[in-house]
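What follows is a single structure, and I will ask about it in a moment.
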Amino acid sequence: MNQANPILKVESLTVDFLSDNEPVRAVDNVSFHVNRGETLVILGESGSGKSVSTSTVMDLIDCPPGDIVAGTCVFDGVELSRLDAEARRNINGRRIAMIFQDPLAYLNPVYTVGRQIGEVFESHGAGSGKEARAKSIELLRRVGIPEPESRIDYYPHQFSGGQRQRVMIAMAIALKPDILIADEPTTALDVSVQAQILDLLRDLQRETGMALIMITHDLEVAAAMADRVIVMNAGSIVEAGLAREVFSNPQHAYTRRLISALPHGDAAEVSNRRSTTSAGETLLQVENLTKEYVVASGAFAGKRRFRAVDDVSFEVRRGETVGIVGESGSGKSSIARILLRLNEPSSGKAVFAGQDVFRMRGKPLMDFRRKVQMVFQDPYGSMNPRMNVRAIISEPWVIHRDILPRKAWKDRVAELLELVGLKPEHAERYPHQFSGGQRQRIAIARALASEPQLIICDEAVSALDVSIQAQVIELLADLRTRLGLSYIFITHDLPIVRHFADRIMVMKQGRIVEEGPTSTIFSAPRHEYTQSLLRAVPKPKWLVPEERPTAERSVGKTGLRLERTRNGSLAG
Amino acid sequence: MHRTSNHALASAMLMAALAPSAMAQGAAQEIRIVLPEQPANLEPCGTIITNVGQILSQNVVEPLTVIDPETGQPQSKLATEWTQVDPTTWRLKLRDGVKFQDGADFNAAAVVFSVNRMVGGKITCSNIAKFGDAKLTVTAVDDLTVEIKSDKPQPILPTLLSVVMIVSPKTAANQAVNDPVGTGPFKLSTFSPQTVVLDAFDGYWGKKPEITKATYVWRPESSIRAAMVETGEADLTPSIAIQDASNPETDFAYLNSETTAIRIDTAQPPLNDLRVRKALNLAIDWEGLAQLFGDDIKRASQMVVPGINGHDDALEAWSYDPEEAKKLIEEAAADGVPVDTEIKLIGRNGIYPNGAEAMEAMMTMWQAVGLNVKLTMLDVADWLRYLQKPFPAERGANLLQMMHDNNKGDAAFTIPIFYRTSGNYSTLADPAFDKEIDAALATTGEARTTAFKTIFAKARKEVVADIPMFHMIGYTRVGPRLDWKPDITTNSEIPLANIAIND
Amino acid sequence: MTIITPDTKPATGPGTGRVLLAYLTRDRLALAAAAFLAIFIIAAIFGPLLVGDAASRLGLRQRNLAPFSFEHGWIYFLGADTLGRPILARLIVGAQNTLGIAAAAVFSSMLIGGALGLVAGYSERWYSHLILRLADVVMSFPSLLLALIVLYTLGPSIANLVIVLAVTRLPIYLRTARAEVLELRERMFVSAARSMGAGPARIILRHIAPLVLPSLVTISAIDFATVILSESALSFLGLGIQPPNFTWGAMVANGRGYLATAWWIAFWPGLSIMLTTLSLNILSNWARTIADPQQRWRLQRLRKAAR
Amino acid sequence: MFSYIGRRASHSILSVIGLLTLVFFLTRLTGDPSALYLPLDATAEARAAFARLNGLDQPLHWQFAEYLKDLLQLDFGQSLRQNRSAMEVALEAFPETLKLAFIAITLSTALAILVGSLAAARPGSLFDRLASLASLAGASAPDFWVAIVAILVFAVGFEILPTSGTGSWAHWVMPIFVLTLRPFGLLVQVVRGTMLSALTSPYIKTARAKGLRRQKIIFGHALRNSLLPVVTVAGDLATSLVNGAVVVESIFGWPGIGKLMIDAIIQRDFAVVQSTILVTATAIFILNIAIDLLYAVLDPRIRY
């Protein structure tokens, strides 16, 4: 390995973002390098500035408001900031390429993927027209898009999430770059798809010998990919070194906290937070719940029925936590919305406190709405940005007049805020002034305000950083024991529920494929799908042997996913 | 087809033979005339409507008689002479050798047809209105003589006949037309939403006009009409606003037959009090107001212009005397007249140039002498409700802006409508006055004239049913190419035959 | 555990007047625009007291007096109109009507149109369809005809003119509001409110309306200009405000005949209209820049760190 | 998609019918035309005759029934002023307006897109400020004022253009100019605004990461995505133009439908009012549907 001259060397880079107040230091004196053929992972949570440094390398920072205070980026012996605009442009896409977290947003919605890939060739004088098209088709095939000849003329929104990311990758590797920068490439994806994408990246790297800089907040992903790791926090590097060493004995306190927050590893079985009280009487009884959508697929094609929820039955006992696990499009969220009467079911019943939820009207319904609360995936989206925290939390009392007299509200808000680990003075602030974790706490406080018996958490922690995830789950478990709550905990991420849910239901395409106590699900999964989910969880790179027949598998999988997207399901 | 070509040939030869000068200018003499508004239609029965008459009258269609601008007396046109057989019957001799533009012969039958077409009620005929409610029956005595009977005495029938446009017997009798065929020196060639084009009619019975082709266009903006003549895009525009009449070379003022006035609703207190009505007249700074209408404007003391039979030059107009006005109002107030009631001054949008400004000015002046006058400007149709009977019940005390156009030579077209109890615009109800009017209408000659004069004098001095403002001045802009002067008839007709071209 | 993490921005929402003022001073154009508007508004409010009845004082002997001379007093500095009334005075008095009418029209159409749009967007019932058809009808209903009908049936008055202008602008607000609602009602916090048992009224008024309002306000700024212009167009056709009342638009319309001979009669009111609408457009641009977090920095101080 | 068009069309037809009904009764509120069609000194009988002749003596609902009956036979009534079929009159005038509107809107949109995106490419630059200011200024002046001044300057002053009327290409210049000013001004703002936000969107980052050239990023990617709102606004402006550029038409003596409508309204020529509105409304609804379809063309994500 040519340790001597790394392909990219970043030296003491410092970047600010300017505004009316003191400039915000996004990256502070960061230095790192990456060699040909190796994988460098930049690990950090949101706001750690992990992607700013690479954006600087790609010259994607607008100045102003950005402001590069100091530092150099030397690529293949050339100081990038010295190059003129044209030369600089010519490096992007040809020698350094980049893929992003949310391909749907990062692909131009109004052009076919073919055209967007073709552009790379054209703008770097590497062929155009038919030639470019042929090459593009070849690329699409390589990244595992089936029937590339026809799908090259599809628009981004016609692909599933995983496929979009593959398209992005195809675009990036078009000119065999020396460096591929991947910014959170799998964050928005289901575990199984994530595995495929990671495999693909590994394979490509092996073929082209390019250097891979991967930015992620996900420790498993990091462990699965990294040769070397640098850990960033609040804009500066707190730890760097070979992946294996960093993960096996972290030096810096922050790194330790991250790794301890990992929801699994066999440690989880020991330190689980499941309900201690053995489950009490039945609180909610769901029977043969079915939700059918009529979807008009495509511009001209006729309508067809699509079952989002297919004959689902289960029960929730007082004080217990039921985990519903499934990938996107499995219908898990539909169940939540139906149970909350946000959507009406096609058939089936749900008995809560002796009454069928779906037949409730007027007063009983209001009581139900008060007894059952929901915590949504995106706490920011689930709060009115124009309301301050006090208004948000006290809204249930405005709706259900009888809960609390108006004069008691102020104190109660303070109580609730403290209960969820915030400060009473936060009551006057607005949602956008809080971090993601704090917002979720506010959402929980709001849910508690109406003194519910059952809280439905729909992906309640998925959007949060690992360390924050752990904190929130901590809080939920804690509240359960203190207030005797029950939870329906919906997530796409198996490990998260592992040490929180008492029972787990695994859903696939609207059906429950497996159900059972958490420990059994993890130790002895019966259904093939459950097994594949568990298998999909990334394993640390240094534990896996080098050979693996990955390509076929990913193709096979995408073939399967393709079916679903083609006939217009809600996949991706 | 064959026939017309003969015509063309014949006339060509004719010209070649006896008009070498005509030959010289035979090279097409075309002119463009820009009118203020588009003629809605070209129905010959609507020639008293300005924008129709200005195109058709004496150009395409000709009446039996025409009015002499100076004397206001009827002159021969298609009728050569006329005699009153008895009070209700007139006999007319018709001109010989006249052909319609479609080749048909002009004769008694044609006249009968035209008159019946007017009075038949199958089409909307504006012109017939000039006859009031008279019932006309016309009979052919011989091929070139007709007798016209009326159900009541018609002393000025020959004058009235100037609105009877004679059309070809082939014209549709029971529907209005846009392709009139008459005996005039020009025939209609095109009528589009943008232009009307007239071509010289070779078979014309009278003197050949110099002009061979006339194109009419229309622009609502006075300044643009003026600009068009200035830039030579047009040769003539019959009316421009005073402020545009800035070039003495091309712009001519003419006393058009219009008289502006304010009608006082004599039925409504406080306007039923004579002193108030006088005060209204005295309170206006007439010289100042005249500024709005130009130096050539003529102060009016009566509702008809000079040259109309019955106009009295001796009758002097109200003067400006605010003190007197105040005094009169105080007296009236002293006698318990409710002088402080709000008086509605009803104006009409675009009634004449600077009309709105004039109303604003007058309102201010009346307010100055302590009358509570409030101006409302209305759209035409709305304004008409107040002008014509039956008046709106809830109208209250009101003054009405109006403009009266009498270009028919005789005060009979004015006095009854304004001053007789039955008059369509009249707010008066004075049987004695009615008798006087009826008597006057019956008389003829000198007696008629004097009778009318006395009526106007009475209206001005004793009745004070209105506030005569001005005899209006029209301004035309005539391009240097043309030799033409407007006169009192210009509002109703622009005979192309009278337009000469400067070489 | 409960530290506000550094990545959270400070609030630049409503109620931070000083910040806005700072932004204003950074955009000279916007500042000028604001200044202009301020002047006009002040003129509209206090001007009439200042000039008294000068606006209606006849001066038939000094018709069309040329501007830029003090010999008849400062009030005649901008010249006199066709009745010799001081144009300056009329501008000031006219400002009241002009801005008043426009404001009233815009406000009421924003209110009604917005409300209808909220309903049409949130509910799927028959009446929301009715509302949409209504919008279509109004949209293709010639404003001139409306003006005439109102003039004739209700008579000429400022209030009626406001009605005409307001109705003709209705669809814009209605459609915008509806479009926004269609997007907002799918938002998570609306679902949240529903799951808590909030009724339609509460959701529309408390949750949706406040978020629709800003975009309506942005439109209204430009619409204000449009209304002033269409009001003057109505005057041009004689269907607008009727004497003795007058607006800038009416002044331009009356003065148009004199553009060749006494340009100032139509020029000054024309200029006033232009400056007003211009300022409004500039300000609304400025407001849009601030509202957009991606663009806001353009108006910020951007103090760099010491090297 | 076809079903969508069908649905829209049926809605539109509903609206048109509603519109016509409304107009029918409202216009009848504005007074009796006979006063306007007969000379002021016409007698009562004459008026009665006129009313009878044109069926104005019937009770209103009866007249409406008649109107509908004729409508079904595609008879749109006679123009009182012009003695001919009202629809004929309307259809004669409409193309004239359509030509103006079409040229004006395409021209202003094209120019606005060019100027607007150039301005957005360098926000705050001199060009940006000048472009915005100039375009706004143009959009802020009363159009009749601009029109008359233009005539006085170009036709009377320099004598390089005809004052008004139709005919040569020169006759088009000033009407188009006046009609273009305001749409141009507004559209420049829209283009600039949407371009600015488009330029900060993720896919532009991708384009830069791909190393595309600047003008390709601006005109190829950002602009293409900014077109939708532009189309919306342009559509609204087009609507108002189709409804008749009354002022311009009457000043320049352009025989368009706007002028026709205002004349008909003032003259209470009801049949013509109805016909013109029927024509313009239909055009407007077609326009709206066309715009919706254009959306689908511009943005593949939109399907009906």
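In order of appearance the chains are A, B, C and D, and numbering begins at 1 in each one.
Criterion: a residue touches a chain if its C-beta (ideal position, glycine included) is under 8 Å from a C-beta of that chain, and two chains touch if they have at least 3 such contacts.
If you're wondering where the values come from, they're calculated on a predicted model, not measured in any experiment.
More inter-chain C-beta contacts link the pair C-D than the other of C-D and A-D.
With respect to chain A, maximal separation of chain centres occurs for B (centres as means of Cα atoms).
Distance from per-chain Cα centroids to the pooled protein Cα centroid is smallest for D. Each chain gets one centre point, the mean of its Cα atoms, and the points for chain C and chain D are 22 Å apart.
With centres set at the average Cα position, the gap from chain B to chain C is 47 Å. Annotation: 45 Å between the Cα-based centres of chain A and chain C. Residue positions of chain B with contacts to 2 or more other chains are 221, 223, 227, 379, 381-382. Multi-chain contact residues, meaning those touching two or more other chains, occur in chain C at positions 148, 152, 256, 259-260.
For chain A, residues touching at least two other chains: there are none. Pairs of chains meeting the touch criterion are A-C, A-D, B-C, B-D, C-D. Against chain A, in their complex, chain D makes its touches with residues 1, 201-203, 205-213, 216, 221, 224-225, 298-301, 303-304. The residues of chain B lying in touch with chain D in their complex are 38, 40-41, 43, 48-49, 121-124, 126, 128-130, 132-133, 175-178, 192-194, 217-221, 223-224, 227-228, 230-231, 233, 379-382, 384-385, 387-388, 413, 417, 424-425. Chain B contributes residues 221-223, 226-227, 241, 243-244, 246, 285, 288-289, 291-292, 347, 349-350, 353-354, 356-357, 359-361, 363-365, 375-379, 381-382 to its touches with chain C in the complex. By the touch rule above, chain D contacts chain B in their complex via residues 30-33, 35-43, 45-46, 49-50, 53, 80-84, 92-93, 148, 151-152, 155-156, 159, 162-166, 250-251, 253, 255, 260, 263, 266-268. Taken in their complex, chain D has these residues touching chain C: 11-12, 14-16, 18-19, 22-23, 26-27, 29-31, 123-124, 129, 132-133, 136-137, 139-145, 148-149, 152, 156, 182, 186, 189, 193, 196-197, 200, 236, 239, 243-244, 246-247, 250, 261-262, 265-266, 273, 277, 280-281, 284-285.
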